[in-house]
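There are two complexes below, and they share chain A, which is joined by chain B in the first and by chain C in the second.
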Partner chain A sequence: MMLLYVLLLPFVVTFLTPLMKPRLATAVSAVAFLIPFAYTIYGLASGLVVKIPVADVVHPIGRFYILGDQVSFSFALAICIVSAMVALYSLPYMAHRFEEMGRELESEYRKYIFFYNLYATSMLWLVFSGNFIMLYIFLEISLLASFLLIYMYGYGDRRRVATLYFVWTHIAGMLALIGFLMTAAANGSLAFDAIAKIGFVAWLLIFLGMIIKLPGLGPHVWLPWAHAEAPTPVSALLSPLTVGLGAYVILRAYLISPWFIKAYTMPIFVYGVVSSIYAGFMVFRQNDYKRLLAFSTISQMGYCLIAFGLGTYGIMAVIIQYISHAFGKAILFMTAGGIIANYHGLRDITKMGGMHEYIPTISNAALLGFMNLGGILTVGMFGEFFILKGVVDTFGLDISTILAVVFVFIISGLYSFYTYKRIYCGTPAGYEKVKVNRLLDTPLFIIGIVSILLIFPPLAAILLNAVKAVIAKVAIATIGGVAP
Partner chain B sequence: MNWEIVLLFVAPVICSLPIAFYWVKEPGSDRARKLPMLSVFGLFISFVIAIHILLTYPNGTYTIPWLPEYNINFVFIFDYLSKYMGALTAFIAFMIGLYGLEYMKHDYRLGWYWFFFNMFTASMLLVVYSDNLLMLLIGWEGLGLASWGLIGHWFRDDDHLSYVGVVGRKVGPLKMYWPPSYGGWRAISTIRIGDMPMFFAVAAIYALTGNLNISQIHWGVLFTKIGLAGTVFLMLCFLMGPFTKSAQLPFSEWLMTAMTGPTTVSALLHSATMVAAGTYLFIRLSWYIHPWALHAVPGVSVLYYIVLLVGLFSALYGASVAIGCLERKVLLAASTMSSLGLMFGCAAASYWYGKLAVLIAFWYLMTHAFAKATLFLVAGHLIHATHDRFCCGDLNLAKKMKTAFIATIIATIALGGLPPLTAYWVKAGMDTVMHHIAETVGSLPLDLLLITSLLYSAFLAKFLSLNFWKGDKYHLHLHGEKLMPFAYACVVSMVFLLLYRILTGTDPLAETHLLEYGLDKDSFIVGLGVTGTYLFALVVPRIRALSPIGTFLGDRMYLPALNDFIVPSIGWAISKLIEYTHKAIDWFCHFGLPDGMLGISRRIRAIQVGYMRVYMKIALAFVMAAIVVSMLGWL
Partner chain C sequence: MLDFSTVLALVILTVGAACSLKDVRISLATSLLALAIVLAAAVSTPQLFMYVLLVIAIGVLTVFSMSVKENQMSGIDYALVALITVITVYVAYTSDIAFVLASFVIASVPTYALIFVSTDGKPPHVDVAIKYIAFMVLATVLFIIGTLLLVYSSSVKDTALYTLGFVMLILGLGMEVGCAPMHEWVPDVFSAADPLPLSVIASITKIVPFIAAYKILLLTSLPQLSNLTLFVAFIAVISMFTGNIGALTAKETGRILAYSTVANMGYIIATLAVITSKNFLYLAFAGALLQLIVNAFGKASFFASIKTDGCSRPLMYVLALSFIGLPPLMGFWSKFFILTSLVGAGLVWLAFLLIVNSAISIPYYLRIARNLAKDTVPGKVTAIALVASAAMLITVLPPNWFINIAKMVIGGV
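This part shows the complex of A and B:
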């Protein structure tokens, strides 16, 4: 029952914070996510698996229950810490944004913080849902909340971009919903523990829907718009947390009925590689910091697609990759926001250079972010390690697949440091040195430190043992086998 | 034992945190400028522990649980290699730390500098003492990151003294000068290209054996299992890491532009960390793979032959470039590359010659580390004193900087292989090894080694001559430095310690043999040849008539084109192509499709205007169509 209270906390806080002053509301929101964060670590360390029944819904939908297992806790780990830190960051950033838009802080912040908390809470509840319809409901709530945030506070042609975002993700949600309903018709229930098998068409629809959300190559076109034009704290949730939930949904379906992914390993793998390399090359050509990060998101999500086809270690890699990308990208979007807030909407990289001179703390945080993307000395290292092991487990010492994956990793590292060089090194671009608001840099470092601590004992063992428990549950025989 | 080992790695990092944070808060304040002392104290702690390990620890491994469920743990190994290498690393790092207190006194970014400097040392120590490959990778990545941070330390690119190359010079499309930020980028991008295949190889070894401890893996069994192609592919992927880190062909360019970092960094990077990590790892691997016992396993011979050739050709390339270089640090950088090539070559010869070849490579690594650290520290002092990156100086300078002068003489002689100083005995060992394997692999390795040795002593003498005897004009600005001469005097004295160990033959593993090799007639003849080229280059450091060749060599045979032109051009071409594709998809989804729909919708709405005649026309059209269709059917 403890889990229920912990999950109810941010939910209740969502409705209370609009009544508070901005500073208090921010602090309360952060705490409301830090407590679940502590609990998720406890859950991972103790190998906790809980099921809390919520309601019994009509026949083909089945029971609603809260499912807290190692997969949920792993995803929640990232969601909680990122949401808490971005909440802290929101205060100075949105104060700047409201000023820019000519609105009054106190009244606007009430609206903002309500939708912000609703958005974050719905994602947290999503990963603890034990029923596909319940999951879908939270998916749609998170979509609505983020849509409104972009619509109200976004940049550029924000209404158009918000609509664009809404349409695309709604198509994604719809496809998945049809898939869920078909599964319901076949199995008589959508509770995770009551589904025997997901049929071909249903699987295909869920997969396609989530590919749009993830996004894979092709439907990815919505993402650079939405992530670049959203207000930065929203980008810092959208990109690290929301899109990766597509991988979460696929993972849940996989844990129930893995046959689809196993049957189409090779196409999915190739698709992942192509998406990742495609987006990686696009990063080099971006001149808008936030848009650049958006393309990097597509590239990183390609890792998840690649990992899906790689057997047990691949599945572990999906989870680690989600966490690692969440940390890295949250930090990086917040650095982009830091520059925007301090230099009046400066986003154009061609006008930057040597920014370390003016904002050393943000620059150092960006380094931590890029380390996460490259898997250097951060938890992403395990993600890459598991993917590579998965490749060997699945394909043996097959030169082409290995080189493809290695190339994907190389590209990520290269664009990370290339971008860092363009923005933070070189001849200083001639701005004034500013005093950075503490809330615009400290949260970034906290996320960065967590990501580094996760490769050392005891946290590394806690996380990876929990992830290993996932394998035990699936108990899939290794596909392919080792080298000839 | 437990706390001591943890402290060895953690102390330098922890001790550098105060300055890292304080500098952000109050950059340049007097109090902040005192904190580097604490960082050096952290290095001192590591140094004491490393010496303690060298003197008292029994050989064996020590495990700290990390991921026991995966059979991956922090496994520290204490053996001949790691004990010596660890002590060497910690000593040199501590000495350079002392030197850095003075050298970097007025720098604008001390927090960054000391944090990465200490992290650099800690990472190298982790690489040195680790038996577990994944743990080694943490240190390995740490090295890469710290080197990037330090090479690009002067990120503002505002001081031409920190550039490499003649500022403003262009050859064709190539800019032949590199600012620090570019140097850092070149380093990390090259290293990344090597690290990822290596990371794959580690994962593959784990997937195939379930074990990551170098000393426990049954290498022979593994190689037999994956066959010839598998072995060569897997191990070449693995060696991509050492090859890029140790700047072997064609990955050498980053090392040359790594000279944009502070000289202290170059000194550490070139002697005991980073580039040495690559060769050290190969030496450690060979030590446990026992290639000399694996002649029945297919693939191993191919692999070692490749490494042998890569190493020796890189050695020759590096030496030739150094001959043509006039920039103090770049000359030394090229010479490092050359030495690393020799180490790779010699260690690879162990397949035919046995374990002794690995040992000789290791001894050369140690000799090189002390001598090269000295030369770099002297070069740094010279750059400070003359405000010039290029070689300049005369006997007057030598008189004013006596310690530097003497240290350079000792280091060049000791490293060049002139009898009877240290490297002579080690090089004699190498000659013997290459001579021996000539029977099986041909005389190419021996020839490469001999040419490299002759060139090597020549450019060392050239360095000495152009800086202290026959160099160009200069302006001297001595600031009464004390710590800097002290540091390089200490470091250079260590070559005598090595010499003492060789001559007395106290070490059962190596020295006795080295003495034997050195007393061999052939080795002595080589030694005389090397002395000859040394003396010649000392007297004639520059031959003006040959300057076109010198320019070609000094421009590194235009290998920079690979990093600066060929690879980026391909990359940009691909990314441009992809961008057009993306624009097309984006336009279709977000403009073409919606606008098209809008158009259709408008047309349909346009029909519904409410006039009877429009509807009549439509009805008439349907009737006509129906008639036509029925006529067609009737026909």
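This part shows the complex of A and C:
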């Protein structure tokens, strides 16, 4: 029951914060996500598995229940800490944004913080859903909240971009919904513990839907627009947390009925490598800081696609990759926002250079972020390690697949440090040194520190043991799993 | 109990309408009283109470939307709207074909008078009204002949005649509610006529024809029926695409709403394709009925808002998002029930097309909300939209109860 109260906390806070003053609302929101964060660490450390029934829905849908297992806790770990830190960061950033838009801080912030909390809370509930329809509902609520935030406070042609985002991701969700409904018709329930098998067409639809959401190469067109034009705190949730939830949904389906991924390992692997490499090269061509980060998201999500085909270690890699990308990308989007807030909307990389001189704290945070992306001395290291382990386990010592994966890693590392060099090093571009608001840099370091702590005991042991528990489950599912 | 109170309500409405020549407020009071009597009578059947409550709520909203501005038949119009509401309640209770047909006619005929409503002393759009009435009469005749053919052929087991009856019934139904390709009248009437009567015509009058069609088809069903459902599926697909593409390209809000009605009727008529599947029939009907209620609440508020050039921003967005089908708003559950029943009955292709259409519809619903949104002004229209938005939020928990209502309405048939 403890889990239910912990989950209800941010939900209740969502409706209370619009009544508060901006400073108080921000503090309360951050605390409302830090308490679940502490609980997820406890859940991971104690190997907790909880099921709390919520409601009984009509026949083919089955029970709604809250499911807290090691997969949920691992994803929630990232969601909680990033949401809490971005909430803190929102206050100075949105103050700047409202000023730029000529709106009054206090009344606008009420709306903003409500939708922000709704957005973060719906993602948190999503990973604790024990029924595909419940999961779908939270997926759509998170879509709605993020859509409205872009629609109201985005940059550029924000209404058009928001609609583009809405249409694509709504199609994604609806495709998956048909897949879920077909599964419901075949199994008589959509509760995770009552589904015996997901059929071919259903799996295909769920997979395609989530490929749009993830996104893979092809349906990725909406992402650079949406992530670049969203207000930066929203980008810092969209890119790190939301897109990765596509991987979460596929992972859930995989844990129930893994045959689809196993049957099509090679095409998925190749698709992942191609997406990742393509997006990696696209990063070099970008001159807009936020758009650059958006392409890097596509590249990083390619890792998840690659990892899915790689058996038990691949599944470990998916989870760790989600966490590491969430940390890295949240930090980086917040650094982009820091530059925008301090230098009046500066996003063009060609006009930057030697920014370390002017904003050393943000520059150092960006270094931490790029280390996460490159998988250096942060939790991303484990992600890359498990992907390689999975490649060797699945394909044997096949030099071409190993090279492909290593090439993907090298591109990520290259574009990370190339971008760092372009923005923060080199000849100073001649700006004034500014005093950075504490809330625009401290949250970044906190995420960075958590990311580094996760590679040292005791947190590393806790996380890896928890993820190993998932592996045990996959092994069972594989034995009991049904061939197509 | 309900029979008696229905008669009582009709008497009160007639007296009230007659007295309205003296003072309009009498008719307003008697209309509300009649609705209250019907609601009180419904307490004796608790299984259907929520349905009655929702329909009465829509009825009261539409009565109030008629009173947003004085018109040349103020007073009588309240009674006519209340009459349609009473019949919409009554049709759920009856399973006698004669009464079902009578309900169908009674729910349709008052709109012939309402379409002439005009405000501010402007002359009514007679050409539009004649067009509307001509279509409605044709639809009613088709529906009635279709029903009679179905009744006769199901007793003598004549499959050819049964097919003819089925096609006529569906064509009549489609023309009455505005399904493509019989939707010709919808865009013209919706963009030219006064928005006030449209808040009635586009909303509450759509409910009775569908309940009637369901009841008649179930009462007269032959094994032949399962071969005919494909015809309905095709009409549904044509209607969805015509409606959504039309709405996407339309400019005025009234015209967008007209095409959105065509599309919504497509979603609803699609559920008739599930009618032969025993396991999913109730789910399909629940989806259809819930979608009709969403449509009624939404259209009544939107048209009333057009009359006053806009309404409170958050309310407009809640209604638009409900039409788009975002959980946990009511519009999500209706589409969800429809999709589940289609997939369950093996019509995955139809479910897929419905989803494509629901994606096409996003931009224009947002456009409607944007066109109509303005800063909050307290007033009748804001109150109407507020009640409608509140109704969209009653389904935050999964509405299982609605399936039971669906079983009650068509289960006895």
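Definition applied: the second predicted complex is superposed on the first by the 475 of 484 C-alpha atoms of A that agree within 3 Å, B and C clash if a C-alpha of one lies under 4 Å from a C-alpha of the other, contacts with A are read in each partner's own complex, and residues count from 1 in each chain.
Heads up, the rule we're going with is that a contact is a pair of C-beta atoms (placed from the backbone, for glycine too) under 8 Å apart; a residue touches a chain by one contact, two chains touch by 3 or more.
Bear in mind that the values here come from a model prediction, so they are computed numbers and not experimental data.
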Ask   = Following superposition onto chain A, is the placement of chain B relative to chain C best described as a clash or a fit?
value = fit
Inquiry  = Per the contact definition in the header, classify A:Y418: touching chain B only (first), chain C only (second), both, or neither.
reply    = first
Query = With both structures placed on chain A, which of the two partners, chain B or chain C, ends up touching more residues of chain A?
reply = B
Task = Tell me which partner A:V57 touches in the superposition: chain B (first), chain C (second), both or neither.
result = second
Request  = With the two complexes superposed on chain A, say which partner A:V405 touches: chain B (first), chain C (second), both, or neither.
outcome  = first
Inquiry  = A:M371 in the overlay: touching chain B, chain C, both, or neither? Say first, second, both or neither.
reply    = first
Touched partner set for A:L464, first chain B, second chain C, both or neither = first
Inquiry  = Output check: A:L397 vs chain B and chain C. Expected answer is one of first, second, both, neither. What do you get?
reply    = first
Task = Could you look at A:L181 and tell me whether it touches chain B, chain C, both or neither (first, second, both, neither)?
result = second
Request  = Could you tell me if A:E357 is touching chain B, chain C, both of them or neither one (first, second, both, neither)?
outcome  = first
Key: Vertex chain A, arms to chain B and chain C (CA centres, degrees, nearest 10)   = 160
Query = With the two complexes overlaid on chain A, what is the closest approach of chain B to chain C, counting only CA atoms, in Å?
reply = 6
Task = Please write out, lowest number first, the residues of chain A touched by both chain B and chain C across the two complexes.
result = none
Note = So, in the complex, the side of chain C touching chain A is made of residues 283, 321, 324, 326-328, 332, 336, 339-340, 343-344, 348, 351-352, 355-356, 358-359, 362-363, 366, 370, 397-398, 400, 403
Ask   = What part of chain A is in contact with chain B in the complex they form?
value = 164, 218, 221-222, 225, 278, 281-282, 284-285, 354, 356-357, 360-361, 364, 371, 374, 376-377, 381, 384-386, 388-389, 391-393, 397, 399, 402, 405-406, 409-410, 413-414, 417-418, 421, 424-428, 455-457, 460-461, 464-465, 468, 482-484
Ask   = What residues of chain B sit close enough to touch chain A in their complex?
value = 24, 27, 64-70, 134, 137-138, 141-142, 144-145, 148, 152, 155-158, 179-182, 184-185, 188-189, 192-193, 195-197, 199-200, 202-204, 206-208, 225-227, 230, 233-234, 237, 571-572, 574-576, 578-579, 581-582, 585-586, 589-590
Key: Residues of chain A touching chain C in the complex   = 55-58, 60-61, 64, 133, 136-137, 140-141, 143-144, 159, 163, 166-167, 170-171, 174-175, 177-178, 181-182, 184-185, 201
